[in-house]
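Across the two complexes that follow, subunit A remains constant while its partner is subunit B and subsequently subunit C.
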Partner chain A sequence: MRPSFFHHLHPPTIPTEQARWRHTLGAGGTAVFLMLILGMTGILEMFYYIPTPEEAALSVQTITYHVPFGGFIRNLHYWSAQLLLIVSAVHLLRVVFTAAYKSPRRFNYLLGLALFILAILLDFTGYILRWDVDICYPLLTGTNLLKTVPFIGDFLHRLAIGGGEACTNGLLRMYVWHIFGLTLPVIILGIWHAFRVRRDGGIAVPPPQVRTDNARISRNELVRREVLAMFIVGIALILLSIFVPAPIAAAMTEGTTLAGEAKAPWFFLWVQEMLKWGDPFIFGILLPLGILALIALIPYIFPKPADSDIGKWFPKSNRLAQITIGLVSFIVILLTLLANAN
Partner chain B sequence: MQTKPTTFHFLLFIVSGLLLATLSLVWWNSSRQPQPIELIPTLTGETEYCLTCHADLPEISASHPVETFGCVSCHGGERLALNADLAHSTMRGGGNPSALSVVETSCGGSNCHSGSEADDRHHIQRVTTSVQSTYAGAISNILFTFGAQPDLTARFGIAAITDENSKTGITALQAFDPLNANHPSVQKFGEECLTCHLHAEPREGEAFARETGCAACHTTGEHNLTTAIPYTQCNACHNRGNYDLRTMTFVERTDHPTQRIDDYYQPIAQFTQCEYTLDCVDCHTRSEVMGDGDIHNDQASIEYVQCKTCHGALEELPLTKTLTDPNDIAFTLAFLNPVVDLKLGDTILITEKGEPLWNTKVLPDGTYEMIGKATKQYFTFKPVMGTACEQKPDEQESHYCHECHAVEK
Partner chain C sequence: MTQISRRDFLKLAREGFLYLSAALATGSLLRFLSYAPASEQKTEFDLGSVDNYPVGSRTSIPEIPALLIHAESGFTALSLTCTHLGCTLEPNNNGFACPCHNSAFDAEGNVTQGPAVKPLRSLRIQITDENTIIAYTD
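What follows is the complex of A and B.
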């Protein structure tokens, strides 16, 4: 039987090892599924969302309360976006902890990292699109941080919000960034990332000569597992969306722009906490970028893992990379908890 | 290891069932939401959904029909939200948009009750400068008594207020801050005795229940606004206990006053029959009670209606006016509280300042009638002229009349 389109997207067979849950945690595949949901629910939201400062928050209220199943669709979009960040982080950790980034997958590691950054920026711009009283403070803080960059600060600021006051003028830019400026790169890099997974020989396992398990599964079996995983994630998403509504607050009006919470969205709380330490450029831009650079350089400057270690959890040969990314994760989580407690 | 097709099919069956179940949960959850009730007030043209939950509220007043005003133009709030917390999160003044902190945007919005004196739209300006709001007389009395100021001229109010065009000569009051006072009694006064003005929340107790701001007087029941204000509304402040000046405390009464004449907070006070039969607003005018737009020194300098206003004196009849202008304010007031059927050509009593006593009428035989604004009771009364009254023309304040006409308690 000739494979269907969906089957055809997969290789005819893959090593059984690559397809084990305990090996991949299903993180990459779940991320793809979440992005599909985000795309579909996002398009549905665009039918009602009005990207003008006067109407934006009201149109979000219309979506939430008056469009049939609008609140549910919005909740799905919200929860998919939050889960995407978690799943992407898990994916990154898995790749480092199983030494999967080793050449020839070094470039794809960078593609994946870029996708992660884009996902964070998409989450942030999506949060800003609510345009209610809770978004102004984070928008102002975030865009003012851009201004602190030497030489090109004003340019970056203009690039982000298009000039003027962030909380009165920034909406259209945020909208276009969200819908096109960030989403298009995600689509392109995402397809590239998936293509490179296949081009680089699938999910990382030791090369055939040092492989212990040479069993393979068919694409039919792979698709079955994917379908099952999608259904399970789908159920979790639906339940979350029914019982935990996405945040919403009162529309911004003249004089109430800063009336809301002075708190960054949860994925930037760690940066907000660091801003308390001093100079905003150093702690709000340089340090996060430094951490990002450190993570990006793992495949290039850290000791190379042994071939036989690729695809194994916590191998000895890339201990330093594990400790580095583990420490970064620990600090980010700790700072997030600290910021949340304050 | 391959998953056996049968195992997989079983798993898929179960998981698909669960997926369907959660999807039907979505449907169930959406079907149990209340059906939104839409309202597009003609004044704003902006859809609001407050009636989804608040359809059973009585109409606030005939002058504010919900079809015209909706809810949001007065109360604020998130007009589209169907979640109570979100919908109520931006309401003006909580449940009371007439609270003086927000009144300019609610009652004063769109120049409804805020505007020029010439148009008689300056209601908020009148209220915020009135002694009911500034409490200026009480504050200056206390400050003078305890040596904190050299005379009884008002310098402080509950909130800072300016009125450069004030005809009284007092163009500004500073905000009174009892914490700045040197004398402990003034501080105590600040703690204990500032619950009477229009900014203040009422003390606990059903008998003293009132709102703040405009609603302190104009809201007499659940969700209503009226100019038919019964004396009980006034008594929420004006008969709810007494001051103990030795300890500088307010002693709240614990009984529920029922007998108007005997249960007044000052037992020595004297009343004539009309003073305990009529409602306060039957005699006391808008400018006395609500202010006239100028900052006044104290209650005595704004209150001017006396017995004489309606009854005249031995040698003079009370002032009257024949209504010839269809735009006369008397018609507006009678329209807002339609207890009388006022017509062009009717002759009514007016006060010394020319304010219409629009619920009175001069009858053909030279006597007068009055309809109670809150009770709709019908009264007739006579002028003093032509009676056996021996009152001197220059002694016309009410306390002189009380000497003969106060009722025995």
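What follows is the complex of A and C.
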């Protein structure tokens, strides 16, 4: 059978051992699926969304309450975005815990990390686009945080929201960053990331001479599994979107601007908690960037995993990397719970 | 002096030209994106007649946001914008508290609990000939 276009995007065969669910967790593929849904539902939202401070929140209400299936489309967009962050984090953890980042995949590891950061920024800018009372403090503190960077703080602030008061004139830039400035890099880096997976020899496995199991599955089987994963995630998304609506609050009007929720969106709660500790530049910028740098350096400065350990869960030879990323995850989750409790 | 071959010279010139163009384009793009139009932010607030604020009163002015204090010695205004990252402070029994990162200030605007380090800003107050109060945030 000649492969269809969709089949053709996949390698002819891949190693059986590493194609198992319990190895990949289906995380990378699910992330691609979620991004496709985000693109489609996002474009649909653009038919109604009006990026002006006066009408933004009202147009979100129109989408949510008046447009047929509008609330459903918006919920799908919201839940895909939240799931994307979780799935991306799981993907990153899987790659470290199975020593899959080892050269020649080091560069692709960085591409993936950049995609993760972009996804977080996209989630934040998308949240800001609601432009209701609850988004003001996170936008204000987030952009004031940029101002604390020595020398280039004001420049970063203008780059992000065009200067001025965040909650009165930050919307247009947030909109353009969301639909174009951050999305375009995600498309480019995403395609590059997928291309590098193929170029680096597919999913990470030990080299042939140290491999214990040489069985392989065909692309037909791989596609069958992918369709199954899409089906399961799709059902979960539809159920979530039917039963759990995306958050929405009253529109900002004169005087209500600063009366909203003082809590950051869930994926930034850990940063909000650290900001309580002291100097905003140190705890809000340097520390998160330091953690990011540490994660980025794992393939470069940590002890190299053994060839025979690549693609195996929790191998001994990259223990330090596992402990590091495990500790970072634990601390981030702990801070998130702490911030949520107060 | 070391000789440089025509091939190497052309390669150097080509690459130099390319990198220079890229640097110029990036610089231009960043300058383009970092333009900020002149601020239209209101910095002058008419608070109405002096008679509305009797001696001893402490009145919250949410639109600034600030607290207008009329003491025996005259009018003062305390900015209610947190000096940490700009959230609006909420008054409590001991002074003011920030809902975002738990900074606290006493009634005079001094920091009683971090992460804020700077005291609250005092706003410039002017009383016009018609006895109305103007507060300036700049």
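Basically, the second predicted complex is superposed on the first by the 342 of 342 C-alpha atoms of A that agree within 3 Å, B and C clash if a C-alpha of one lies under 4 Å from a C-alpha of the other, contacts with A are read in each partner's own complex, and residues count from 1 in each chain.
Heads up, the rule we're going with is that a contact is a pair of C-beta atoms (placed from the backbone, for glycine too) under 8 Å apart; a residue touches a chain by one contact, two chains touch by 3 or more.
On a predicted model such as this, the values are computed, not experimentally measured, just so you know.
Asker: With the two complexes superposed on chain A, say which partner A:T141 touches: subunit B (first), subunit C (second), both, or neither.
Answerer: In the superposition, A:T141 touches subunit C alone.
Asker: Go through the superposed model and pick first if A:K304 touches only subunit B, second if only subunit C, both, or neither.
Answerer: neither
Asker: Let me test your reading of the model: by the given contact rule, A:R211 touches which partner, first (subunit B), second (subunit C), both or neither?
Answerer: A:R211 sits against neither subunit B nor subunit C.
Asker: What is the contact status of A:R158 with respect to subunit B (first) and subunit C (second): first, second, both, or neither?
Answerer: Second partner only, subunit C.
Asker: In the superposed model, does subunit B or subunit C contact more residues of subunit A?
Answerer: It is B that touches the greater number of subunit A residues.
Asker: After lining up the shared chain so the two structures overlap, which partner does A:H7 touch, if you call subunit B first and subunit C second: first, second, both or neither?
Answerer: Neither partner.
Asker: Return first, second, both or neither, reflecting whether A:R319 touches subunit B, subunit C, both chains, or no partner chain.
Answerer: neither
Asker: A:A262 in the overlay: touching subunit B, subunit C, both, or neither? Say first, second, both or neither.
Answerer: second
Asker: Can A:R196 be said to touch subunit B (first), subunit C (second), both, or neither?
Answerer: Once the two structures are laid over each other on A, A:R196 reaches no partner at all.
Asker: Where does A:Q272 make contact in the superposed view: on subunit B (first), on subunit C (second), on both, or on neither?
Answerer: Touch partner of A:Q272: subunit C, not subunit B.
Asker: Return the residues of subunit A at which the contacts from subunit B and from subunit C coincide.
Answerer: Touching subunit B in the first complex and subunit C in the second, no residue of subunit A appears in both lists.
Asker: In the complex of these two chains, what residues of subunit A are touching subunit C?
Answerer: It is residues 137, 140-141, 144-145, 155, 158-159, 162-165, 168, 254-255, 258, 262, 272, 275-280, 283, 342 of subunit A that touch subunit C.
Asker: Quick check on the complex: what are the subunit A residues that touch subunit B?
Answerer: Residue list for subunit A touching subunit B: 16, 58, 61-62, 64-66, 68-69, 71-72, 215, 217-218, 221, 224-225, 227-228, 231-232, 234-235, 238-239, 241-242, 245, 248-251, 253, 256.
Asker: List the residues on subunit C that touch subunit A in their complex, please.
Answerer: Interface residues on the subunit C side: 30, 33-37, 39-41, 62-63, 65, 84-88, 99-102, 114-115, 117.
Asker: In their shared complex, at which residues does subunit B touch subunit A?
Answerer: 1-3, 8, 11-12, 15-16, 18-19, 22-23, 25-26, 29-30, 36, 49, 78, 80-83, 86, 89-90
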